[in-house]
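First chain written, first letter: the chains are A, B and C, and each begins at residue 1.
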Amino acid sequence: MDTDRVTSQIFSPDVQQPLDLFGIFVFALSGGLLAVRKNMDIFGICVLAEATALGGGVMRDLLIGAVPPVAFTNLGYFLTPLVAGLVVFFLHPEVERINRAVQTLDALGLGLFCVTGTAKAHDYGLGSVASVALGMLTAAGGGVIRDVLAQDPPALLRWDREIYAVPALVGATMVAVLIALDDLTTFTASSAAMIAFVLRMLALRYGWRAPRAWHRNGSRTSEE
Amino acid sequence: MDTDRVTSQIFSPDVQQPLDLFGIFVFALSGGLLAVRKNMDIFGICVLAEATALGGGVMRDLLIGAVPPVAFTNLGYFLTPLVAGLVVFFLHPEVERINRAVQTLDALGLGLFCVTGTAKAHDYGLGSVASVALGMLTAAGGGVIRDVLAQDPPALLRWDREIYAVPALVGATMVAVLIALDDLTTFTASSAAMIAFVLRMLALRYGWRAPRAWHRNGSRTSEE
Amino acid sequence: MDTDRVTSQIFSPDVQQPLDLFGIFVFALSGGLLAVRKNMDIFGICVLAEATALGGGVMRDLLIGAVPPVAFTNLGYFLTPLVAGLVVFFLHPEVERINRAVQTLDALGLGLFCVTGTAKAHDYGLGSVASVALGMLTAAGGGVIRDVLAQDPPALLRWDREIYAVPALVGATMVAVLIALDDLTTFTASSAAMIAFVLRMLALRYGWRAPRAWHRNGSRTSEE
């Protein structure tokens, strides 16, 4: 696990691929739904679905030098968000109605991608801290691109949204520790993903939010 | 055409370079004009001209691993947007007045870049679908960066703007099909570019817009 | 200095590293402070500190093909913005109070990074003009990312902010000329950085602004 470019075979390929496509699909749904709320047309919906689903992984691949990014070499990765975009286009009221289910699926995607993103960064020779950062980028980067393109304040950065970064941080850190202990297996990696998932679900359930800066009630904060 | 890194010589180099510079110039004009409307200073005008003109190609080059991007190795590519920025700085009322002509030139740039972008991506070994996506990114990516930097909703994504993605999609797809048929020549590539151009002009002329999501008249859409 | 990949040893490594970390720290402070003003939580503060401090250098490294970017291989580069984020989180009223001092430090960072960014781009084989552009990107790119993420109009592009691009342009151009003259030494490079610093300080002191487009008082400018 510590030589150059060893693939961390967390899951066997015929499990990894469906898992990835599942995560990409649910991330794409969140992009498509925001596009509908922003009154975009069918192309806006598909572009936002693609950017949300693939943006985090593409940025990770660019940063670790894995070009062309897997999103452009694996046809399934590219086509899945289009399918999600079409689903949203035709069925968005139904998709909105099961928004709670979508959030649950999104949390599963979060858990999956923070784990696989961290492992892939390590495979390309990055250190533990950088791998954790790239794991978080894989899981949360697409959502930031989605919000920037749709001109929403990035949900990741807002204090009034349930925490998203912490579950990703915990899952990614667990993977980095498991790699350091030479103990990254399908079981331990899945456990890390599940813990990130559960943390995110608890955050949604109980409205966990992160603290804002201390003494914010001074006169310098321009927007309340 | 299917070995690694064969350059698709669509146009002879002494034709390609002037065409590229022409497309870069007109894209830069659209960036500079938005900067003026947004009340930016001379540096804002030049930065937005550069970002609009080169942004799509730079993103394509990063994604296919062609670094440093051609925009940073070919001096003409870099200096042309500065010239366009200065033209806008000194003559923006005149440039605005010929806005219809600028839109026509922009449509020519759109046709050119969706064709050359798709061919370049294929030259770097990407598959047909990914090449089409990167051709569209080459043609439309700079405009998205322009709008994000200027804090405008990306025109590409807005339902109330004439379609921009469809002409690029058609032109890029034609190139991918021509490559698959081993029939990409100066004539066929130019035809693809002209078809994209004509589609865009028709969209502008007749106000073609893409559909928004079905059943949008529900209560969930937050912005009308 | 004109062979491939010679490292421009402007400063000895044990001087370069502390200088870089200093510049990263002060850039991160500006990101963190904007995050507080935007009412972000602790994670938003740290993300914006990281993006502001490292964004320019990461974009430069991606464009010249230096992957993974140094920000992901040098642990100190990554951790320093987190420290700055925590400082802002706990002490932001105090940091705001010394805002003039922060602006001075930021100007030092500007001078440093436009010089080292230009030299690094040249080391990777880019031409003079492209190296100057990448030096400016290194110095100013993080601030643009900061503003885009925080949904502020990029300060770099606004006419009503003191000039930031000109000092970076002057410093970067001096370095490119010094390299062309084969005269880039610790002394001359430091002089270029100091000149950029002094220009920025003068701009702040005397409110230097760049001109907007001519004849703007026409009816076409939508925002005054």
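Points worth noting:
Everything that follows uses one rule, which is that a residue touches a chain if its C-beta (ideal position, glycine included) is under 8 Å from a C-beta of that chain, and two chains touch if they have at least 3 such contacts.
Note that the structure is predicted; figures quoted are calculated from it, not measured.
The touch graph of these protein chains is complete, with an edge between every pair of chains. Look at the contact of chain B with chain C and you find different residues on each copy: under half of the numbers used there are shared.
It takes 120 degrees of rotation, in steps of 5, to superpose the Cα atoms of chain A onto those of chain C.
Centroids built from CA atoms put chain C at 29 Å from chain B. Annotation for chain A: residues touching 2 or more other chains are 62, 148, 151.
Of all the residues in chain A, the ones that touch chain B in their complex are 35-45, 47-48, 58, 62, 67-69, 72-73, 75, 78-79, 88-93, 96, 148-151. Partner chain B is touched in their complex by these residues of chain C: 62-65, 124-127, 129-130, 133-134, 144, 148, 151, 153-154, 156-159, 163, 165-166, 209-216, 218, 220-224.
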